[in-house]
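Here the chain labels run A, B, C and D in written order, and each chain numbers its own residues starting at 1.
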Amino acid sequence: MDNNDWRQRLYVMVFQADTAAGRRFDTALLLIILLSLVVVVLDSIDSIHRDYAALLAYIEWGFTLVFAVEYALRLYCSPKPLRYAFSFYGLVDLLAIVPGILAIYYSDAQYLLIIRIIRMLRIFRVLKLRPYLSQANYLLSALRGSKQKIIVFLVSVSTLVTVFGTLMYVVEGPENGFTSIPLSIYWAIVTLTTVGFGDIVPKTVLGQIISAMVMITGYSIIAVPTGIFTAELANAMRGEQLKHNCPTCKKNTHEPAASFCSRCGNALFSKKA
Amino acid sequence: MDNNDWRQRLYVMVFQADTAAGRRFDTALLLIILLSLVVVVLDSIDSIHRDYAALLAYIEWGFTLVFAVEYALRLYCSPKPLRYAFSFYGLVDLLAIVPGILAIYYSDAQYLLIIRIIRMLRIFRVLKLRPYLSQANYLLSALRGSKQKIIVFLVSVSTLVTVFGTLMYVVEGPENGFTSIPLSIYWAIVTLTTVGFGDIVPKTVLGQIISAMVMITGYSIIAVPTGIFTAELANAMRGEQLKHNCPTCKKNTHEPAASFCSRCGNALFSKKA
Amino acid sequence: MDNNDWRQRLYVMVFQADTAAGRRFDTALLLIILLSLVVVVLDSIDSIHRDYAALLAYIEWGFTLVFAVEYALRLYCSPKPLRYAFSFYGLVDLLAIVPGILAIYYSDAQYLLIIRIIRMLRIFRVLKLRPYLSQANYLLSALRGSKQKIIVFLVSVSTLVTVFGTLMYVVEGPENGFTSIPLSIYWAIVTLTTVGFGDIVPKTVLGQIISAMVMITGYSIIAVPTGIFTAELANAMRGEQLKHNCPTCKKNTHEPAASFCSRCGNALFSKKA
Amino acid sequence: MDNNDWRQRLYVMVFQADTAAGRRFDTALLLIILLSLVVVVLDSIDSIHRDYAALLAYIEWGFTLVFAVEYALRLYCSPKPLRYAFSFYGLVDLLAIVPGILAIYYSDAQYLLIIRIIRMLRIFRVLKLRPYLSQANYLLSALRGSKQKIIVFLVSVSTLVTVFGTLMYVVEGPENGFTSIPLSIYWAIVTLTTVGFGDIVPKTVLGQIISAMVMITGYSIIAVPTGIFTAELANAMRGEQLKHNCPTCKKNTHEPAASFCSRCGNALFSKKA
């Protein structure tokens, strides 16, 4: 029982953020994640790698150890260890250890970098336990509510860039840098999203006219995702505000100026209130 | 009658998506369209074209055959074949066959590419038959509702880029890359839409001041299409949910599931309705 | 009196668009303006200017004559000729004639081009007389309503680009292309508005960090003009919809779900209605 | 007492803008700030610095004197001089003098430029005292209301650019210009914000596919800050206008000039109020 109690307290500290110990644990974890990120980033700079590669490798091993201990703790104190191990964050936590271990056999493997960066996703685990959660929920519920509209939008954009890309390939051709349809589609995406690198630019008059059309299209249809998201978010925020219960049937959302419940027809406010 | 019944069943499968067979037909069609697109795109890559041109041509003939059979089926089972043949999708379906046939006589004609890409529009035929339809309708009705505002906006933008383009042509002149007014207008569009290729850039101080004005204008007026579309979309979303009159007080907007008027408390629908 | 009647009819045709003759006059004028614009644009293209300069000059003289006749007609039939002459459109109409006359003495003067392009503003005179007017009014009233907010925004943006531009001048310096503070401010505008020509780019690490801050700032604060305009436009559009008169005090705008007038307290709808 | 009265009157003139003298003082100050800014900017242009360096230095000394006198005045007439000295604007006012004094010892020090530019922040002190204040307040309260959502957004964007930057570093590598992870993250920011300088561009096919994803992500998620800010601003504008409870039915939002509740028809304010 003593052991169980200790595990219980550990669980609260490691997985939750309602206690002072839990908050301190999360803050420490956040700092370590950010530090491990800084090490990865510094190691990629040539001049630093030349001089400090060994030092950075030692530090990386240290972080791997810390993350391994943390992973073990989570497995130990979790009431359902298997369920945790196969949850999204469980896998991300495991991934945080893998590169350090793999690096022993395959040193300097570039693709390990990506796994080391994926550690960063653990920041969201920390954020999840804070007041930001409710704000993130607004944003996510607005995104979810507009999912189908966004798919329609993305399919339309894909069609547009494919058609415009092919047109430019036919009009400008390989001699002006549009060497293939995929590259022309890439150019169309660069132009439609108003990024405009300038590595491939139209040179013929007809190509410039089509480009102008792509740009004005891109400039105008940015209104579509913005409009979708704004309308959904305004909806989500209003939904929150208009919550007052009907005293008779308990329906809990009403129009802003409602006098009577729209479901049962009873007065929402007694005259004496 | 047996024949008619078969045609009827074929019609439901080919033109509608309410049955399992219809959905399977649509999914298969979607896959074939995307595959034919992939073939066109791959064929445009030089290294692939060199090695697999013959193979890709055979595959293209196969797709043409499939689309021809599909077109024949649609003509056969449609209750009004002529009306179908001259409808928007009827013409797009016909266009899907044409390049394969023309390619026999004029091989490698670049402009056939565009027709082969136009096949892609058939994706919308498939999408049309899905839950996305209602979402697409919201977007389209918002676009339609803001048509006149958008025309006013586009005329204003056209005037702006013409005036700014001419100004830059006069200020910078051919020696700085602004070789003609049309090219300068093209530059103004590139700049106003915040694409900014960088192939033509102002070099004189006055030109840079005018450029800065174009950029800030472009940065600010993007608010206009966004504002128009967002306001219309919010309207469309609200409008859809609430529009039936209260028989007592004539309040004409209500919550989607309202049974009683939220203003006067009377039943919205008589008991017999 | 016969003369006066003729002038009156001319006035209706020339200045208004409610009659068939007025609409035909406006359409013809719109076409001539666009044609004169095409001539200016074509004349700026080197290869065309070389071969057709004389022809285009003749056509330009023809347009000048047409605009001169139109200006005379407007002066003649206007009930208050002086007031017209000094109104905005009166001056634009006069400007439409000037370059043709000046060109006789100073041929090929570049700055005349700008006056010839200003003719284009007359398109708005024609648009003004159409159903687009009410839509343009929405947009203008939304712009006017947000004028003060937009000034605050523009002052903030000016401060931002000045501070960031100076910072970059100090950090990057002339050796990396940031040769003076005005040029650095120009670069900051190019970057903040997300145009990104790429003719001047940061090369030091500190410069790239500051650049990243400028970009993220620019990417985020585009929300400000968009938000201002959208909120104002939604307001303007709602204002239009909520118009129903109070039967007692005639107050004509009310909340969507109002049962009683907010000014006089009387019921907005009689029970029998 | 005579002295105190004079100090009081000076305080009103220097710190407030309700009197004609106060407004004139603010306008003069605004002009001097802008002039001192113009001098800094001009001095950075090589050709001007070569010819007029001495003259501009004298003018700068003049401005320093003016700002010193102003600072002394503010200290003298402020009722709580210490509190003023350590307030935000007190420090900015002090900073406006520092560079002139430091320049005597360290002439031409580049970093002094930044302090000289920070003077510009004093423009907001002047703006603060004008009708723009209430408009700026709307914008600020909308920003404050969306602070947490914006932090969630910025953390997500930071994660995105780090992950995408690392991916591009692994995929493209130093041979294509992506020499380190920090530089690749810089590139990801340039691309995600749709700035697109074009100094670093992807060259491999996989790199271009990832780039296209970054661009479309950047193009779509610009909807998020815009949506957040628009929804908050619309809220702030609505909220300001309507917030007083009906004493009878407790309806808590009303039109700005409402005398009677639009729901129950009772007077909103008792006659004595």
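We take it that contacts are C-beta pairs under 8 Å (C-beta built on N, C-alpha and C of every residue); 3 or more make two chains touch, one makes a residue touch a chain.
Which protein is which chain? UniProt says A, B, C, D = Ion transporter.
Quantities reported herein were computed from a predicted structural model and do not represent experimental measurements.
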Legend entry - Chain copies touching (chain A, chain D) - same or different residues, decided at half shared: different
Legend entry - Maximum centroid distance from chain C, chain identifier (CA atoms): A
Legend entry - Distance from the mean Cα position of chain D to that of chain B, given in whole angstrom: 40
Inset, instruction - Calculate how many whole Å lie between the centre of chain A and the centre of chain B, each centre taken as the average of the chain's C-alpha atoms. - result: 28
Legend entry - Residues of chain B whose C-beta touches two or more other chains: 182, 194-198, 218, 222, 226, 228, 230, 234, 262-264
Inset, instruction - Under the touch definition given earlier, write down the residues of chain C that touch chain A in their complex. - result: 194-198, 226, 230, 255-259
Legend entry - chain D-facing residues of chain C, complex: 148-149, 151-153, 155, 159, 162-163, 166-167, 169-170, 173-174, 179-182, 185, 191, 194-198, 201, 205, 208-209, 211-212, 215-216, 218-220, 222-224, 226-228, 230-231, 234-235, 254-255, 257-267
Inset, instruction - Spell out the part of chain C that touches chain B in their complex, as residue ranges. - result: 37, 40-41, 44-46, 110-111, 113-114, 117-118, 120-121, 123-124, 127, 131-132, 135-136, 138-139, 142, 150, 154, 157, 182-183, 186, 189-190, 192-199, 218, 222, 225-226, 228-230, 232-234, 237, 256-257, 259, 269, 271, 273
